[in-house]
Amino acid sequence: MLTPIVIDGLSDAALLFLVAVGLTMVFGVLRVVNIAHGSFFALGAYAAITLGLWAGALGLSQALSYGALVLSALLVAALFGPLTERLCLRATYGRGEIAQMLVTFGIFLILDDVQKLVFGVQERQNDAPLSLLGVCNLGGIVYPVYQIALVGLAVVVAFSLRWFLRGTRAGKLVLSVVHDAEMARFSGIDTAKVSVAAFTFGVFLAALGGSLASPITGAAPGMSAEATILAFAVAAIGGLGRVEGAGLAALIVGLGRAFAVYYAPAFDRATPYLVMFAVLLFRPQGLLGVVETRRL
Amino acid sequence: MKPILKAEDLQVAFGGVIAADRVNLTVLADEVLAIVGSNGSGKTTFVNVCTGYIKPRRGEVYFGNTALSRLHPRAITRLGIARAFQIPQLFAEHTVLENLLLAAAARRGFWRPFSAISRPCYLEEAREALGLLGLEGCASQRAAQLSEGTRKLVDIAMALALRPRLLFMDEPTSGVSSDEAIVIMEAVMGALARAGITTVFVEHDMEMVRRYAHRVAVWESGRVVAQGQPHGILHDSQIRESIAGMA
Amino acid sequence: MQHYSRKTASLAGVLFGLVFGLLPQAAWGAGERPAQLKVGVFTFVSGPAASYGMPAKNAADLMFESLNAGGGLAGVRLEPVFVDEAQGTDAVVSEFRRLVTSRHVPVMIAALSSANCLALAPVAEQLKTPMIAWNCDTHHLFLKKKYRYVFRANTSTVPEFVAYAAYLLQKKADVSRVGIIDPDYAFGHDAAVIFSETLRRFRPDSKLVVELYPRLGSPSYSTEISRLLAAHPAVIFTNFWGADLENFVRQALPRKLFSQSLAVIALGTTVFEEFGQRFPQGAVVGVLGDGWYHSPAVRANPQAQRFIKNYQERFHQVPVFPAFKMANAVLVVEAAYRRALRENKGQWPDSERLARALEGLRVKTLTGPLTLRADHDGLTDQIVGVSRNVAGSPYPVMADMVRYPGELVTPPVDADPIQWIKTLPADYLERLPKPGSYGP
Amino acid sequence: MKGPRALLWVCLAAAAVAVALASPWASFILTVALAKGLAALGVALLLRAGLMSLGHALFYAAGGYGAAYLARWLGVTDLLLLLGAGFLSATVLGLFTGAVLVRYRAIFFAMLNLAASMVFFSLVTKLYNLTGGSDGMPLPVPTMFGLKPGQGLFYLTLACVFVCAGGLRRYLDSAMGQGLGAIATNEIRLEYLGISVNGLLFVNYAISAGLGGLGGALAAIAIGHVTPELFFWTTSAQLLLGAALGGAGSVAGPFAGMLLLEGVRTAASQYAPLLWEMAMGLCALAVALFVPQGLSGIVDLPQQWKRAVQ
């Protein structure tokens, strides 16, 4: 019984991580609490499905639908990232969380209707990526290979993000802005450019999460609200702004939910929030968050 | 003179850094004690421990017979110990008068949901505290708009409005031009003397120490290495050397 | 303090503006024949439930157009006024009130969600405005409360899910080990009780080995599917719908869940088109009523055929059963007006007369007969069958169909439904028509 | 300056009454909007202290459910008793959650409130037999001393608004009220004035929970039905939006904000029924970007523009 629980927990964790990682990155870099995060997640899913279906309709190789997953995330990021940051978010910097929440909530509401107008209200799906890889048998239970591969993909995303932030010049630039925007400005870094780039990258991560999840989850109205709230829970548990934290939190929530489904189904739904409540009570900064103390 | 505050065997460490190492120090009633020492020697830490911002690892601070180390800053404040800060801590969006009104209300009965803060008795006290430091002119200015020197004065005025028995001031003149510093200190020390408030102040400027302190305690690496009259202490060459790096 | 009063003044301006902007725009001349008949139509056009609400909205558009093309109601044009149920219960109630009092809408087709039906029914009663529930099927609606103005143009959860259980029992399927996975709300919980109680009435050995209620709108059912696979039930019952159903089926298909167990996918017909021939074969499916677009009754009905043709042409989809439920509800409104006009010698009915005309109304709908019973609940037949791919069709059809007459699967007026199930006569199953007896 | 302000409030009340008399639906929507305004006023109270609650739907919903349970268990239909039940259940809940949550600040406060409300949302949806699940629970048509009040609910709501707004106005002028703003700018100084910041927040949290409960109960009685949706985070976001739209600067702000929101939603569902979300979103964006102080900041705009031109 333990094997399927762990496997299900891991694959759930992979999805949760992909939902949350963009949110936590954007908060870490821009200190922006992005309620519209779920909208970008959903747009990524819609775009991936639409592109995949087009590829299918054009008679292109089905394997191309894997490429469509990444391409669609790039498209969504290129289309919405700079636009949102320049037009809406920039005006809120330094005006506190309340203005940010208002702006991002506004964007969330608008994008919800945009989605409806563009993609309609019927669920959309393209499970070519899911079925192409076939299935495997683990511990007597059949799983789609894609679902297992997603765990690997999540790990890859986590480590490439870590490598990007710590190992590349661009990443270090971003981190220096996180660390001390004032200082960065003095040392000649164009923080405005970094902000656009970082937010666009965050949108890319959100959309990538949606597109990678889409073969399993499909895309349907209501998806953005769900994604936003889960992303918040996972990011808060791990420590807002901490990529590794999001990974750890996704693992805990994913495994917790899997165990709940087996042993306490009444609580599976409340699991992320109960974990969040419990963690924040004892570590308000989240599992891997850092406390900022004030000097007198 | 009677002791009013007594620190016994205080020990504070942040990670591996010792910020207070077996500190024993007594503050006497009605005196003005200056704390001097180089940067990082533990002066502010001492103030922080005495006012409850930091809990000591070992040792105790007594205010009269009350042990302070387990108390919150607010409880210590209510015992009659007030504090002014190195970086002025004001309510930036309130006017100067409103800042002082809050201090006056805090002393006289804060928890009255339906009695206006601008009651005459609070107003009178707030104005009085402003008057002590010559701040009447900026009463209706927002705290955020004040110059650094005035902010320092308002910060001290708020501490004064609490009518404490003991006042800690952490570098009252840092960040202020030396001309301004003299004016500030003259006003503050005069007011304190008139009100009869025991004062402990952390100071870098030896001139200020020489002028206003009754007694000096010299800090080095978390220890009190010397204490006594300003004249004797400030002329000791060894001590001058040890605090030379600070000014 | 000066600025406070200036602020208050400006706020007062805003308030005044808002308040007068919201004032009713026209006076109401009651009694005489109106220039047009407005009909409030409550459905989901956004949010997750829109996948059901939108086909219904489309259907309503078509039905009103065709009614108007045929001269309207005794020369009066009909005009639908749509309300999005996704705005939340308070807004839905508010819109209902606004439509009645400010826009003089005399009759409502409301609502899709059970929560909204339950919330709107007392409002309809208070405003004395006839309300025709078109999709909500909670059997609690008429269980304890008696309404004068509230009617339901479709059936409740009880006949709907008794039918699936009866179908399994008649087919002598192995129901010893049953697994249930339903959405986590009243519809799912009620269906689970009704389905399993009916099985147990005739097969006391039938055991529930796993019972799962994942939250509405779950993106992934992986863990639940693993649990179902591990529990090896002989029958898996689900009344998922919309995106949840698509997700569940898509995620369960490659994992062979439906080849391991016999699946009862109650609302499966709604996703036939999405899945095409990949839809699990031999799964028990149905339409929660008789709204199957390919049933013999529908094929024999030229009006229904026109409706389907128009629907497919305009929306490039087949009309799933929520579309039929809405279309039939529009027909109920039409029939009620015609009856009221007839019984009042052509005088335009007020809401009271309209409500009386709805009492005991019998309507020949697009999909079969519908009766509004004494408790105002709708009585229609239940069509159940199994999914089967046939040559020449891109998606499965319902095979082995049965059409259970409404009065056989519906508890009598005022009966406690669970008690009624528990005391069904021993020969009940024999009295029902047999699977495969309906249609080709 | 007391005179003109009081006069304005009286005018407002007169306008509201006139509208309610003109159209029964207007009295309904005004009732709901003002009830939500009460809850938004609670949210705005915490906004003053710089705290943003993303979970105040918890108390709004608790007020509604409290009233619904009183009706369901004891068959009570009296309006004042139902209101009392809603107010009390939310306040008690506020005392418990507040005791824990006032230790947190900034985004953590927002998140924990969110978590608390979402736990309740999950449980209320899940415990079908106890709560009616997602179908919710009905509330009876209320009576007042045995009589059917009809429009009475609207007047009662209006009375609640005036009592609460007036009380809060006075409260905000007190040391405790001024202390709220002080929390936003400098907690440490407040502690060094001998004031327990968490104690002060706790009191305000309880007040804001009570206001939420009162608003929730009034709205629930007007609507006649409660559903778990009330607990969902989008309800919280709406209350927050209303408070921020109105601006936390004056007690009338949240009411104006909520009226505006309801107005926009109503207008949108009349003229563009498929795009009401977008209308509300644009509204939020416009206010956040162009009127940072909310509606109560509109009066300052011409001055700001003048300054900008110069």
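The chains carry the letters A, B, C and D, assigned in the order they are written, with residues numbered from 1 in each.
In this text, a contact is a pair of C-beta atoms (placed from the backbone, for glycine too) under 8 Å apart; a residue touches a chain by one contact, two chains touch by 3 or more.
Computed from a predicted structure; not experimentally measured.
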Chain pair, B-D or A-C, that carries the greater number of C-beta contacts: A-C
Relative to chain D, chain with the most remote C-alpha centre: B
Whole-Å gap separating chain B and chain D, where each centre is the average of the chain's CA atoms: 43
Length of the line joining the C-alpha centres of chain A and chain B, rounded to whole Å: 49
Geometric centre distance via CA averages, chain D-chain C, whole Å: 35
Residues of chain B touching at least two other chains: 89
Two or more partner chains touched - positions in chain D: 122, 125-126, 188, 274, 277
Multi-chain contact sites of chain A, meaning residues that touch two or more partners: 112-113, 116, 269, 296
Complex interface listing, chain D residues touching chain C: 1, 4-5, 8-9, 11-12, 15-16, 19, 22-26, 28-30, 32, 122, 125-126, 128, 132-136, 138, 141, 219, 223-227, 229, 235, 246, 249-250, 252-253, 255-256, 259-260, 262-263, 265-267, 269, 273-274, 276-277, 295-296, 298-299
Touching residues (chain side chain D, partner chain B) in the complex: 167, 170-171, 173-179, 181-182, 184-186, 188-196
Complex contact set, residues of chain A against chain D: 33, 35, 88, 91-92, 95-99, 101-103, 105-114, 116, 225, 229, 232-233, 236, 240, 266, 269-270, 273-274, 276-277, 280-281, 284-285, 294, 296
Chain D contact footprint on chain B (complex, rising order): 51, 72-75, 77-78, 82-83, 89-94, 98, 101-103, 105-107, 110-118, 122, 158-159, 162
For the chain D and chain A complex, residues of the former touching the latter: 47, 50, 52, 54, 100, 103-104, 106-108, 110-112, 114-116, 118-119, 122-123, 125-126, 188, 233-234, 237, 240-241, 244, 274-275, 277-278, 280-285, 287-289, 292
